[in-house]
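Below you'll find a set of structures to go through.
The two complexes that follow have chain A in common; it is paired with chain B in the first and with chain C in the second.
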Partner chain A sequence: MIDVTFLLLIFFLVTTSFERAEGILAGKMPQESQAPGVPLPLSPIVVRLEQLGVGHDEFVIGLDRFDSVPSGFAELTEAVRQIHQLDGFDRKTPLVIIAEDDVRWDHVVGCWNAALRAGCERVAFGEP
Partner chain B sequence: MRYVYNHHRESESFGINLTPMVDVIFLLTIFFMLVSRFSSAEQIPMDLPKPEDSQAEVAKIPERVVVNCRLADPSDPRGSAVLYSVGPNRPERLEVVADRLGLMKQQSPGLQAVIRADRRLQYTDVRRVMRVIAQNKIEMLNVVAHVSEEE
Partner chain C sequence: MQRTRSITASGIAGFITRGVKWRFLGKRRVSGPANMTKWYPALFSAILCAAAVASTLQVGEADRTVSAERSTPAEESRLDVKVFREALKARGLTELLELHLKDYPPPGIVAKRLMARDMKLAEYADLSRPLEERMAALAEANAILEELLEEAGDDLRRFEWRFTLAHSILYDQAEPMFTNILYRGGSKADHRELLELTSRAVNVLTRLTEELTAEYARVEGLSVAEFEKLERRKYIEGIDLLGPRANYLLAWARFYDTLPRDHADPTRASNLHRIMRYFAENKALLDTPHRFSRIQVQALVLAGMTKRRLNDHVAARSCFERAVRIADRITDPAQRSNVQWAVTLARIERVRNDRDDGRFDAACDGLADFRWAYVQEHGENLGLRVVAGLLERSVYRAWSDAAHKAGVVEEAERYREKSWKALARTAELEADDRDEVYATLYEAMGPDADPAELDPFEQCALIAGLLFEAGLVHDAQADDTSNRLLDRAVRIGEHFLASATDSEASLVPEVLYNVAVAEYRRGHIVDAVKRFLEVGRGHRDYENALSAATYAVQLAAELYGDPALRGRPEIQRLYLSALRVIVERYLGTESSRYWRFYYAHLLDEMEQYDRAAAEYALVPAGHDHYLESMFMRVRCLALGLHAQADQNPDDLLEIRRRADDLSAVQREFVSRASGELIQLQIGDSARLSMLRTWVARAKVMAAEILVLPQINRPERALEYLAEFETATSAADEAMLAARVWRVRLVAYERLGRLDDAAKAIPAFVAADPAGAGPTLQALFTTLAGRVESLRAAGDQRGARQKANVVLLLAEQIVAWVDRFGSDIAGPDRSTGTVQLAEANLYVGRCQRARELFEPLADQAADAGLLDEPLGRRVLVGYAESLYQLGEWASALPMFNKLATRLQPADPIRWRSLLRDLQCRTALDHQPEDILRVIRQQRFLYPDLGGSVLAGEFEKLERENQRRADTG
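What follows is the complex of A and B.
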């Protein structure tokens, strides 16, 4: 039994890697058909991501039709929460992420995550 | 007065007491059994996005297809080509990936797509996959990111 335990111990020592677990951010996909897959109201919240330079953190977040220019994803979360308080907006208001081609995927996911943190129930991607 | 010495000495066997070591080994084995997470073959190692206060959840999706997007040369993120693969398959051209997705969608209409993409990729490289997913009428899109450290 001790031999088996030794073997088990060696197996787990070799195979274990202490990494953060993977999870899933769920969303809906815009369909490339004549009719839009999800009917959008007239005023979705549009978040734009623009890469300013080659550096990882050289990017800017913009919110169409709103004055706030969040400097990071925590501020974006707060800004979207404040928008949800305005008349005609709530958590069901779609949030559309429009990112430029050269924006890092990390930032796009960060934006998506920020929208989910703000409580957005409908997050979609738009074409720049 | 006579002292009688007992010259008869018991035969002593010198040995290491293995009991504490076995206890420690048992504890270590139980520890590793508890903390181990077995990754599936489709979880190709890559640098996944790490959003702050991640909302990503460890969820099991019954009908899913994982599309991996990773750098051919991780040491050169800007100059490297991008490799696309479906699940544990070898990297393929995006047209082949599209054909695979189309076939899978026909076989299981409720199919959901999961994109595992390296965080250093440009959005345009991942959007190509998103377009392919949309062309195949797969509505649900899931993106893999690291879960928050508290979980």
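What follows is the complex of A and C.
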């Protein structure tokens, strides 16, 4: 019986395929002290998340000092990519996510993933 | 500021008493019919056959007898001593007479007594003496006569002496009392004193009639020779005349004796019946035509009064009507005059008789007749008007009582109201009338009257009477008595005010006024002011309203002037209310004109400068403080303008309008003051000095307005102050120098006369070392702001020019902080040092700036103060000094910190960002990075911190583009 059980365990281990994690979660936040010399005084791209109501989808995404108002995370990814094309901006331009306290965590994670999908190399959270 | 006032508080007490002062509280006489003694010469001349008075012959004879007995001094042969003495008496030279009598005393005890009595009578006749003294002399004279009667009881002259004594007691001593009682009701004292006197008079006359009866019998028994001897000396004739005279006088004495007695007193009834018996036995007195008897009218009045008191109203009415009718038929003016008192009394008694008989309508008709008659005979006579008022009141009271008894309550109330209003109407005509009426009522009531039993007008009289009496006893020993009376007056007044009905409203202001007076005398000044204010504010038609308002403001001013009370808000409010009442409700009065200045001054003290200035403008030209009020107006306008400029600095229209007003008033003041200064060149040095000070201060105030940014006429301000040092006294110069130098400093700076400004700063600090700090700081802030503005605008040259003055100011501020910083409010050491370092930067002294900034930057970093405004100024200043000195690597992290931490709206952020990139350029950092930052910032913030900085960024961009292109 024990043998059968052990064989079944090996079978499941071999046949089961794990879903790959979405995006890449950075293990460490960017640190100033780690940058060489004095950092450039660039202004970050600021993404703001605001909860409008109690429903799951009742939130809004904003981009400080940019006209576009993405309606979802896919549109956010596209908008950030376009910003990277502007003079003075690129993937190294820091992106700061500022979420209100009542914003759902999965929206914050969605925003993070959208930034990574757009190719942002420096993503951080800011205080609302 | 202490000022003189035209009416002092000490003057108030005396002035106030006028409200309740009476001319004759005590022994008053009714004008017109008062002299009731006029009848008796007529009696002598008519009924009693008008014989010469024997007594004078008897006295003369006695004198002659005595004079023969003594040795006559030599000079007596040339001097008639009797004539000399009579002349001295007639001229009131009693002291000379006394001296004469010491040298030449009359011989014998009788002559001495008679002479002593004459002396006392001369004192009594001397009208220059006080009434009390005269009455005391009269009492002594009568006492001497009584002693003489005891000592010389067998003297033939005793009958005449006794008659004279009784007559004097009745018509000299008792007259004021029975007049009061007969006409006005009289006081308790009147009743008490009259009873004592009339009892004496009745006794004297009774004894006289008894002695005369005995003497008649004795004379009847004399031999013919003895009788003829007496007859030749006219003795028989004398005692024959004296009998009827004594009986007639006794009848009147008995009548007067009934007046103070209670109705239940058996003596009263006995007296009245004896009088009627007398008339029954002497019917001729009532029936003999007046033209023959000369006393018919008087006898009828006496009979009528007696019958009224015996409740025989019909007979009494008949007597009075006959008396009046007979008197009306008298054509001889002298005779008419002789009976006038009796006719007046008959009319009064007729009204009383109808009243007592319940014939109220007839009483009212009689009253009208009385009023008409006395006006015809005496004109508007105050005494008789008061009597008429009292009479009317008594009629309506009786009417009210009758209605009440009949159960007609409403009518009873109506007559009750009419009764007190009758007197109130009498009192309304003039203040003196009211005093007279009050005095009469108060005398009758006494101080202990129960107000619950008094009508409203009597309550007013009681309050006034208590006040008056308190005034009489107001001295150190009698304070308790006085205070008790005043407290009672206040209590009665307060109760009256609390319960006054609409019909009593006309009495309210007077009660308020008298309560205020009582409170004042009691020492309750605040309460007094409040009551006076109520009168002044709410009862302008009341005759003493202006006085009340004036007292209120005087007393309130005294309270406000008391250092112990001055700070209390309620005292200030009280004073303000009092001032407002007098100036607003009594426009055009002298008081209003006088107190206007103080009203303005109080508003000034309360920092209501606009209102104060408006009130100062209304102070009339003749006022003692007119020039001062002009000066104070200038001051208030200036303070108001400064306040306006602080609160609404952008309201240029209003600020300039105010400045124009101020300028006009200031010019007018200086012109007038200068005119007076010329006149005062000789004498009154205090006034001269004060005027000079005002003129100097007014000029400085005007100059200060001219350097306000909104007015900005610095050249005119300098003109105003051009002769300040030469035209101003040393004391004024010391007082005003700091303000003058401040104005000059600002004016020089505005005019770009920076050298003059630089010179002015030390003078300014020297003028006011301790107070200079805040002003220097304010100037520094203004100038440094302008330097920054010039630099921001790219005008480096202009900025550097002003920066020199800024540096000088900064150095003075630091020096001031070193000297006074810990003691006086002003800039602190850190701020001063930062300012000094910044000023060094402005003028390009970067090393000095770095030295000053460095320790501050370390402290700021240690204390984490970089988020504070001063901390940021230190960091940016330090970084700037390093940058200017070429220490870019050291400066870069500081600029970078400021550029990345500060918000884009902060100008320091943009300058720091520029400096950050300039440092990187100087340090040969990657030009692409620098270009990327510039372009990113231009995308995000197209104006790049303003046109000047945007230009700098463009310049930097071109330089780095060139570097990038050349590799």
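The criterion applied here is as follows: the second predicted complex is superposed on the first by the 91 of 128 C-alpha atoms of A that agree within 3 Å, B and C clash if a C-alpha of one lies under 4 Å from a C-alpha of the other, contacts with A are read in each partner's own complex, and residues count from 1 in each chain.
Note that a residue touches a chain if its C-beta (ideal position, glycine included) is under 8 Å from a C-beta of that chain, and two chains touch if they have at least 3 such contacts.
Keep in mind the model is a prediction, meaning the values are calculated, not measured.
S.K.: Check whether A:Ser43 is in contact with chain B, with chain C, with both or with neither, and answer first, second, both or neither.
M.R.: Touch partner of A:Ser43: chain C, not chain B.
S.K.: Check whether chain B or chain C contacts more residues of chain A in the superposed model.
M.R.: For chain A, the partner with the higher number of touched residues is B.
S.K.: Could you tell me if A:Arg104 is touching chain B, chain C, both of them or neither one (first, second, both, neither)?
M.R.: In the superposed model, A:Arg104 contacts chain B only, not chain C.
S.K.: Based on the superposed arrangement, let me know which partner A:Leu116 touches: chain B (first), chain C (second), both, or neither?
M.R.: So A:Leu116 only meets chain B here.
S.K.: For A:Ala74 in the superposed arrangement: first (chain B), second (chain C), both or neither?
M.R.: Touch partner of A:Ala74: chain B, not chain C.
S.K.: Which parts of chain A are in contact with chain B and also with chain C?
M.R.: Comparing the two interfaces on chain A, one with chain B and one with chain C, no residues are shared.
S.K.: Sort out for me which residues of chain C touch chain A in the complex.
M.R.: Those in contact with chain A are residues 892-893, 896, 899-900, 913, 916-917, 929, 932-940.
S.K.: In their shared complex, at which residues does chain A touch chain B?
M.R.: It is residues 2, 5-6, 8-9, 12-13, 15-16, 18, 20-32, 37, 49, 54, 56, 73-74, 99-106, 108-110, 112-114, 116-117, 125 of chain A that touch chain B.
S.K.: How about chain A: which of its residues touch chain C in the complex?
M.R.: Per the touch definition, chain A meets chain C at residues 38-43, 65, 86-90, 93.
S.K.: With touch defined as at the start, can you tell me which chain B residues reach chain A in the complex?
M.R.: Touching chain A: residues 18, 22, 25-26, 28-29, 32-33, 35-38, 43, 48-59, 61, 78, 113-114, 116-127, 130-131, 133-135, 137-147, 149, 151 of chain B.
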